[in-house]
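Two complexes are shown next, each including subunit A; its partner changes from subunit B in the first to subunit C in the second.
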Partner chain A sequence: MSIRMKSVLGAVLLIFFAMITTGCWNRIELNEVAITSATGVDWDGENWIVSYQVLIPAAISSVMGGSGGGGPKSPIIVYSTKGRTIRDAIMHSYSESPRKLFFAHNRVVVIGEKALQRGVNELIDVYFRNSSTRETVSVLATPGTARRILEQFMQLQAISGAGMKEIILSEMKNTSILPNIPVYQLAMEVTGDAKSAVVPEIFVSGKEDTSSLESFGTTSIPSKLKLGRLAVLKGDKMIGWMNRKESLGAAYLRDSVQQSYIVVPCEDDKGNTGFNTIHILKSSTKVIPKLKGKQLAFTADVQVTGTLMESNCAQDLYKPGVIQSLEQGGQQQVGILLQEAWAKGQQMNTDIFGAAEKTHRKFPKQWKEWSKNWEEVFKEAPLETKVKFRMARMGLSNKSFRYLMDKKEK
Partner chain B sequence: MKPAISTAQTVALIQSAITPTMVLALPSVMVSIAHHDAWISGIVAAIVGLVMALGIAMIGRANKGQLFVAWMESRFGRPIGVTVGIMLGIYYFNAFCVIVRTFANFVSDIVLDATPLFLLTGIMVLVAAFTVMQGIEAIARSAFMVLLLIMVIIPVSVFILYTDISFERLIPVLDTNLVRIAVASFPPIGLLSEVSVLLLIIPYMKKPASCLRASLIGTLLGSSQLVLVILLALTIFGQQLVPLMSYAFVNVMAIVEVGEFLERIEVFTVSVWFLTMYIKLAVFLFATVHCLFHSLRLHSERHTVIGISILAVATTSGEWPRNMNTGMMATLVNMPVLLIMNIAMPVLIAIGLLITRGKSKQKGGMQGP
Partner chain C sequence: MPNDKNTISSGKQNSSLSGKVKQAEQVLLPDLDVNLERLHRFLGGGEDIACRTLQHRSFDNTRYALLYIDGIVEGTSINTMLLSLLDDANNQYSDSVSGETPDLYRHLTDRSIAIGRLSEVSTIEQAGYAMLEGCTVLVVDGCLRAIVMDTCGGKTRAVEEPSSQTVIRGPKEGFTENLRTNTSLIRRIIKSPDLRFDYKVIGHQTRTNVAVVYLEGIAEQEIVKEVHRRLDKIDIDGVLESGYIEEFIQDRAFTPFPLLQNTERPDTASAALLEGQVVIIVSGTPFALVAPVTFVKFFQSSEDYYQRYDIATFLRIIRMASFFISMLLPSLYIAITTFHQEMLPTSLLISLAAQREGIPFPALLEAFLMEITFEILREAGVRMPRIIGPAISIVGALVLGQAAVQAGIISAAMVIVVSFTAIASFVIPAVNMGIAARLIRFVLMILAGTFGLFGIMSGLMILLAHLCGLRSFGKPYMMPFAPFVASNLKDVLLRVPWWAMRKRPLNISSDNNLIREGTGQKPKPDQEGA
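Up next is the complex of A and B:
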């Protein structure tokens, strides 16, 4: 065989193999998959109920204002399957869906309260064992059923699964009250030294559901998906909730505050009271374990930088004393937040602040003993707060508007 | 035979022969033994690896340009030379099969779970056989290009992951029992001993005298990547979670999420790792063919490659019915074999070389390749 013939034959063979081995046995067409944007997990006492929010690509354009006859159609469909395990439930989806569920674009997993009380071990195992699911999916808790959350439409976002992820990211970035907890972080927290974790709450605010597109025919909708409290887990099971104030305190102690707001009471020269709103631009917390005699204690060293956003006290911001009082007010408020969160954690007997890890790092020898009954050690440990509050900016006005008004009256 | 491999290409070959299997499964095994001090085990293994690399290069320097089997025959006589060649050939064949199956298991776990195993192993062996047929020079050139890619992807990966890294997770240092730290260093020491493949490569080097440098730098690159993957896994996920992960380096890259425009970048890391794995396959198949071809005085190298490849496809598809068997084989069971063939045998060769030094001088040096 000539060299030329060999080359041609080789090329033909290469093209042939390239064609028959494309994606091999795992090839899947786009029109064969059901893309899930959110997953819900509930527990009915005996079985897992897994709900899926599946995209209907053709309908998305009609909701977004694109062309298409017959008016807007729902861009999502929600359905549930039941099984003894989570994967067993997902397998049952093949019996009722013409398409295979595709989880790569899943943005959130919502867990119902009962399922959270049963434990998240199985869910974490599913996420780490299967390559189709992603560990970066955000975890949310809900007091009712997860399915109800998945059924809600959202303003400004056609796909509520993606919208829920955006809300939690926005909340974390702008107020820091609730953290975004991806699956891998949840796994890290429940397996950490303290074996405790937190999950943000999402709930339906309003009496009626917004599960029909007709609700969007008016300027207000009957209900909204809203972030609320913080679910607290001990081991892998939920044991209670923290309110938003305690949650913000916990965020300071966990050093997860990016930006936030704080309302500080103020009083002018005449004794009139009001409030200053301070935008927290930067925050950094160090929780330092210390030994006082034989007792373990903690010091929270917090550095906060803020800017004044609103003031309704008559105050001249040029006066150094005013700035000082603002900073003192901020210090006091942050200190109160920290103490309330710490007390709540101790009351719930759960260390969600990472105190166990810090203690393990600082006192590795003693930790071997403390780790045997960490709950008791943590419960007895007092927290001392040292807050350094710096007002970096006062905004575009050097005096409050009320100060000018009061002066005019004189 | 015309020497054709540069020192830089030899470095690339050595690091490709060591790194891919080491960074794949070992981090989670090591963390499960040495907990958050596993990175210290990695450093211990690196030091031992450098000593081994030094020893192998010193032995290799005694070779004045002969092919390995011919060198063994000329120094120890034909029976011993042939026996050493066949033993190494069988060892490299066994190692090649374990690597192919480990690679196929990974591909199957990550993306192609429905594709039959024999097809995956078949394609991998086919690619390796094709590369080997192009000669060691082609493998070396490819290895160097892959090394350049690694040099790009590592700093980029660390930069992207920087915000997720928390060095506090490594504290307290030396919290784990020293025995556990030592035990955790054994699996990587076993794989670092694969630097002994240098003994087969030296005759093809343009500057055999620089084999010491190539050996040390190649080992250093390989062990640095292992320590880096362990450090990333530990500082991102912590010691409790890493043992849960079969392929920690994939999980590390999988968490990258920058807005909605940069995610699932583990695909790029895995793609580069795939390339290093193919180089490793080619190096080990080359070593198998080289040892058996010259020991058994075969006439056609091409047919030797084809025969060994068919046997390898059959072995890798049928030998281990469960993936876990290969995992155990690659990380723990194979260790004594690695240590015997890559450490004990070179030590015996070194002793033999010292004993026969006088004989070599009498002969007046070696003939050229």
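Up next is the complex of A and C:
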């Protein structure tokens, strides 16, 4: 055997032993991790309380797959740790959990109202500094403690953390009242020109908690997790809530409406009133800053396309005039939504609509002046709405059934 | 009777004697008995040596003898020849015939022996080696030369369907252990005067016949020469299978990848010849070698060219994918479940985690256990007597599929991974490429268990560098990817229709002769007819 062969063999052996004797880098087996599906953050006045909703895989697969004997087992378990900082609290989990907390599959982070009032800076820092956490986690606000939210079971979804994410995503896609705010977006809004952000609310609807599997023995569960209002943050601190109507208006102004619906009052020839429900298929909004003299003003240019979903008036939808009146009604409704949201924003003195950014882009020179007291400028700025509402389709039947009935009566 | 000097047997004699037998050669002497005695001694005087002495009436009762080794000669041709010889020996020819040249030797070769192919030898060694080939030697008293008659034959296996390289559509003939049968199978497919068979004898003791087959003008001359050069360098006592030769003539010794293709199929061999490759047929094995060969060739089946091009392309992609699955799947599973859990969809993660509850071993060890178990089962399946096959498969299925999972030793997901890997490894048409994937799989599993995906990536990079450095008879192994040869891509992952493959593969076939079909043969709707 030549010397070269010997040295090559030696090197191979050394590498092999180095690989098997030094142990494996950051190897962690699947049964050594505690998969966290939701995290809650609360503030008790002195300490952060971080709660974890941890999955119990065996219990979940028996819930999902049906196999695995014994009585019903809870698929999730919730526990909390306390610390002066968020990471401090998380570190305390090592002294009570047999497995290492694993955050990569965390779906939502629920922030209690008190913690939200204290500020989200620390939380965002934790998310951006550590590689184990993902910035795509959805942020939710809750009026009570976050821990209570994590403790709730949910219908149809064994893992309520994942369920909460699914609710917010489907809500955003289908009605667009509340936006899904991932951590990175929260960070961007908090640090943006306007220095204000929004967080959707989740709350327990009902008096009792649904935190026992026994609740699922009946067809209705005592309480449910529901999405509610919109928490408004100024800087990184929460200053108040916007109701659902205002938050829909805010969604239009933020151009985050994907699909939504709107209820438009109508009146037929005989003077009977009713409602038309219009499904909004497409919507785009441009908020354009304008100078009126020295004063800053905004124009919201909204283009909405909708289809009729329900009609309660005796209308002949063959007539173009009827459709026009429908479109006008829609325009009016959307315009009202926008104005209400704008007024609320001004009243709360926060610019959650991204108006500051747009102004900065359009008037970079004046911005230097305005940025010093943007709150004042924003408060004074009027909003003009230009809504273009287009009815694309009437659904499968053209004449409303009320109309057909009225005709027969004649 | 035309006496072809370039018959197989004489060719073999020359090449064998030039190198192997160096001591003074024993020349045939005029005395028949001495010659017979020496020939017997040369061959060790076994019982299977048959000797028949005759006397010819017309030539002063001159004695001559037929010698052959029983069992390796074709009995019927010996018998017919003997009949005609006896008939001839009893004839009293008129003076006009015998008066011309009273030479029994000429008389026998020209008028009496009923065998197609004759040649002559002048030493005992030559005669003895010819007999070992299955030839019959005719020694005439008083003559310094002997006649060698090609009577090779004896019991050989019939041409059967290839057992390891099967197709659904395509010829069902396979090579056999008999060299002559194999060359005839190729001759029957390619009826070209350009088809060349160069014969060699390799192995001091086995004296195995080897044929180097190529198409003159299509194969690159340099490669043919190189094949000859490498074959001539082989110095070994025995060659029992083409694998012996493969290891001697491949370009690099240390590589898990096969640098020569082997085939049991005459049609595959012929296709290789038509693309300018050289086929090496070794006597005693149905597996012929093909060189030079590229990596992608191992994923092509002869059936690709018999089926429609669309399904052929699809199947090639499936085979490539299977190669990567069989090489990578266990290591990817290990890497992702122990290092990169965040890459899994949550529901899959939960289901995997639930299965892993209570499994005592880390994923790497678990995978190793199962892979080794499977390799043992596979090897048992190949080695065991056919009769107990069902027993092994029942035990295997129970051990692998059921008991290990129910006992909580192995997770169900791992069983799925291992069995899928195993099935994928059977898809690769070339068994030797499948073996390469099997070996690399274990290395990659260790890398995955220690460094995760990073380890797999570094392993694959080293592998790629290694592959790009390989040569098969001087031709880059990774062609047409490295070096990139665009025109060859028509027949790599894709198999374009036949009318679109006008040229033979560049860099494999001879550069002067690349066009293999005419232009404009794409079928079109018949306009005149309509």
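Just so we're on the same page, the second predicted complex is superposed on the first by the 390 of 410 C-alpha atoms of A that agree within 3 Å, B and C clash if a C-alpha of one lies under 4 Å from a C-alpha of the other, contacts with A are read in each partner's own complex, and residues count from 1 in each chain.
We take it that a contact is a pair of C-beta atoms (placed from the backbone, for glycine too) under 8 Å apart; a residue touches a chain by one contact, two chains touch by 3 or more.
These figures come from a predicted structure and were not determined experimentally.
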Side-by-side fit of subunit B and subunit C on subunit A, or clash: fit
Which superposed partner A:26 touches (first subunit B, second subunit C, both, neither): both
Which of subunit B and subunit C A:275 touches, first, second, both or neither: neither
Subunit B versus subunit C as contact partner of A:188, first or second or both or neither: first
Touching partner for A:261 - first (subunit B), second (subunit C), both, neither: neither
Touching partner for A:58 - first (subunit B), second (subunit C), both, neither: second
Which partner reaches more residues of subunit A (counting touched residues only), subunit B or subunit C: C
For subunit A as apex, the angle formed with subunit B and subunit C - C-alpha centres, to the nearest 10 degrees: 50
Touching partner for A:79 - first (subunit B), second (subunit C), both, neither: neither
Smallest separation in angstrom, by C-alpha atoms, between subunit B and subunit C in the superposition: 6
Doubly contacted subunit A residues - partners subunit C and subunit B: 24-26, 104, 134
Contact set on subunit A toward subunit B in their complex: 21, 24-26, 104, 128, 131, 134-136, 182, 184, 187-188, 191-192, 357, 360-361, 364
Residue numbers on subunit C that touch subunit A, as the complex places them: 337-339, 341-342, 346, 349-359, 362-363, 446-447, 449-452
Residues of subunit A that touch subunit C when the two form their complex: 19-20, 24-31, 33, 35, 37, 55, 57-58, 60-61, 64, 102, 104-105, 107, 134, 159, 162
Residues of subunit B that touch subunit A when the two form their complex: 109-116, 119-120, 123, 168, 171-172, 175, 237-238, 240-241, 244-245, 251, 254-255, 257, 263-264
